[in-house]
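Chain naming follows the written order as A, B, C and D, and within any one chain the residues start at number 1.
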Amino acid sequence: MVASASEADGVFERLKATCPEDWAAYTGHAFVRNLGDGTLAEPCFRWYLAQDYLFLIHFARAYALAAFKSDTLEDIRQATATLDALINGEMQLHLKYCAGWGLTERDMAALPEAEQNLAYTRYVLERGLSGDLLDLLVALAPCVLGYGEIGRALLADPTTRLEDNPYLDWIEVYGGGEYQEVAAAAQAQLERVARARLGPDPTASPRWPGLTATFGSATRLEVGFWDMGLAPPAGFGDA
Amino acid sequence: MVASASEADGVFERLKATCPEDWAAYTGHAFVRNLGDGTLAEPCFRWYLAQDYLFLIHFARAYALAAFKSDTLEDIRQATATLDALINGEMQLHLKYCAGWGLTERDMAALPEAEQNLAYTRYVLERGLSGDLLDLLVALAPCVLGYGEIGRALLADPTTRLEDNPYLDWIEVYGGGEYQEVAAAAQAQLERVARARLGPDPTASPRWPGLTATFGSATRLEVGFWDMGLAPPAGFGDA
Amino acid sequence: MVASASEADGVFERLKATCPEDWAAYTGHAFVRNLGDGTLAEPCFRWYLAQDYLFLIHFARAYALAAFKSDTLEDIRQATATLDALINGEMQLHLKYCAGWGLTERDMAALPEAEQNLAYTRYVLERGLSGDLLDLLVALAPCVLGYGEIGRALLADPTTRLEDNPYLDWIEVYGGGEYQEVAAAAQAQLERVARARLGPDPTASPRWPGLTATFGSATRLEVGFWDMGLAPPAGFGDA
Amino acid sequence: MVASASEADGVFERLKATCPEDWAAYTGHAFVRNLGDGTLAEPCFRWYLAQDYLFLIHFARAYALAAFKSDTLEDIRQATATLDALINGEMQLHLKYCAGWGLTERDMAALPEAEQNLAYTRYVLERGLSGDLLDLLVALAPCVLGYGEIGRALLADPTTRLEDNPYLDWIEVYGGGEYQEVAAAAQAQLERVARARLGPDPTASPRWPGLTATFGSATRLEVGFWDMGLAPPAGFGDA
């Protein structure tokens, strides 16, 4: 939620500063605000969460790809830790909500992917395959770090409704300590890999424009994902 | 444009028969009909063709990927021949039209990708990377073979307007002998690789449902691409 | 250590039965026998273990690749579990031995890879990238399942020296329950993926000859790895 | 064949200057000298050429991979041009020699790969898949540019035997204008991509040590390939 960055800032802050409007559109999206005040229509949340479950399968694959693309055991371990947090931590949130709606994991896996979902996940995976580890981590950053920022901001915001908010579990997962640690470790890896590949001033590298283009595209694909959440298909989530 | 397939049919016919409505929606799309009768609004065609130029860059990469994923020199040569036809043949059509509008190749390469374009190309590339050569060829089939079918049908259709149709070059390229040969060779490779990996009755393989899912997804992404063509962004193609 | 297989056998047994001499050369190699009777020269073991540490980095990357190439969450989870067992379990054996020799993890990571090591790891990774998940699991099988078989056989063999054998830790790790469970789960995944992609009779699939060629190559590369262990470079492992 | 490089030199010269002994061992190998004076034993040449045919299949796949990994149409076209030169040009030399020995293309494709061959090709492919386009082009450089250098040097060397040298075709292919153009274009791409990713002083990039390690490994794998050529298996190449 920052629109400018100074030289002292890390790579993540400087990437955000290259697309401040897109970043604000993502982190301050109506979907997010309505999670915060508890006014989001339930079919929207159901549709979002079901798609996000499918999304996480491909995001887990993307962190597996990051482990494959690593040159050092440190990077393999970090990518594996994030992968493990996704499939053994974050996804439990989805399964818990879905169980509450009478949906099994098998039901979830059988849903068709929305186009915005497919576009985002395949974009990230393909970027990681055609580029190097840094291209992949930059493509992953808007999701893994943005959700940390959104969760933290919602918890810190005095207007967020904490009582009787059906989405409180969501807010507490992404704003909570466990996810914040996952995000901090992912951010530390991004900073480290960026410096190891671009040198002490990443913005001076000839790769910087390409990396900011990737970051901007992934951020806009996040906006599209929230838009999708606000427009569940007719009949979805009824009964 | 076929809704049923018998055992004697090849893999391509049998794939189409698993999603006849999607296939008809693609090959008989309003965009196609309006190319045929020459009534397509020029901004739609410009927007489509500019996006298709970006699309072909990624499709060329997908055929390069097919060459990489080949086990035999025969498959490397066939994929390279298709790649060569794309970048040294088909793209010339785009450059010719675009030159007529005062657009250089550099202008074209600088356009932002529409989301439907990004979704389709990255889906195909990722399918090829996570699967094997057959998964990739099946994901590529709706485009390379479908365009051949569309071009052939338009040329054979007595209602197609051949005089003073601004899109005649497009129709003649895809319906013409050179492209038909490219498509026939691509189809022959699909049939050959399918049998080499699935055996004499591909539909009996446990992989068949997954392959038909890929084919159906790619076909629907083609429909989305035509839809995109009918909805150019405001101001595009004016002047 | 089986030279024939019947229809009732699983895919792993049937793969072994296609290259019985190579499999025997691998699992009954002089290096293995000398681990068992404790007569292996220490420089050989040091050289082997240092190379095996580098090997495991690339094998961890290969299991990460398997997670990426998975179509189902079940396969992602299984590949991640094996990956985790490699980097957080098996590698501890190497670090423990190496610490006993005064070698740090950094020292280990800085050693140059022997050519046999490079050949084997890159072969497996490339097979996984150009093929599908099954090609990759078949390329991985001789290592992950072969070590389980070797460890189990050494522990069961009455001629194995259990007292004062400097290599007892190695034998107990690979013959022990924890590793045997890792191997059993990896084997179950191989059987499941093979049937899901080849049908109930994998040997009748047109892919079978290619898969047996991969399995045979990987087995011979294991033989080369033991050969390498018996021939440490001059001066290696001296105090 | 250069052991030092100044700042004015291109990336290729500066890469060579980081491993002058390996580069000299490769370009001045006994196999090369014996091609030049025509004293190479024919079974060695046959064995080398048959393995090199298999090598070129994987090298063609590596250039296809470079086309896939390209961000620009210019790089796709250049990689495709090199790919085309390999499969439609260079390989004709192999087929011509082999036809002279009564070997068909099918015979060649059926030969087992020597381990040095497998190690080299899979190393290059895997480097390209786990890294970016530049990592791949650096891994490819010792082969494509080194053969150009070797061919040119042999043709320029007054001690090279031009009459009654059974290997004259080989020398003339790699020293000849057509191959020299392929090599020059590949070198230009390496220089261009290096500057586009590392900036005006590539050696100052934090990636430089990793790139020189890749170049050094590939050069040593070329030395291993010549060594392999000098040691055909017993009975190979006998009438």
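Assume a residue touches a chain if its C-beta (ideal position, glycine included) is under 8 Å from a C-beta of that chain, and two chains touch if they have at least 3 such contacts.
Computed from a predicted model, the values in this text were never measured in an experiment.
The set of chains touching subunit A and also touching subunit B is given as C, D.
Shared numbers divided by all numbers used gives the overlap of an interface; between subunit C and subunit D this overlap exceeds half, so the copies present the same residues. By number of C-beta pairs in contact, A-C leads when A-C and B-C are compared. Look at where the CA atoms of subunit B average out and do the same for subunit C: the two points lie 43 Å apart.
Inter-chain spacing, taken between the CA centroids of subunit C and subunit D, is 32 Å.
Centre-to-centre spacing of subunit A and subunit C amounts to 36 Å, using the average Cα coordinate of each chain. For subunit A, residues touching at least two other chains, in rising order: 61, 68, 125, 129-130. Taken as a contact graph, the chains are fully connected, with every chain touching every other chain. Subunit B meets subunit A in the complex at residues 61, 115-116, 118-119, 122-123, 125-126, 129-130, 217, 221, 224.
Contacts from subunit C toward subunit B in the complex involve residues 68-69, 71, 129-132, 135, 195-199, 204-207, 210. Against subunit B, the residues of subunit D that register as touching in their complex are 57, 60-62, 64-68, 70, 72-73, 76-77, 79-80, 83-84, 87, 105, 109, 125.
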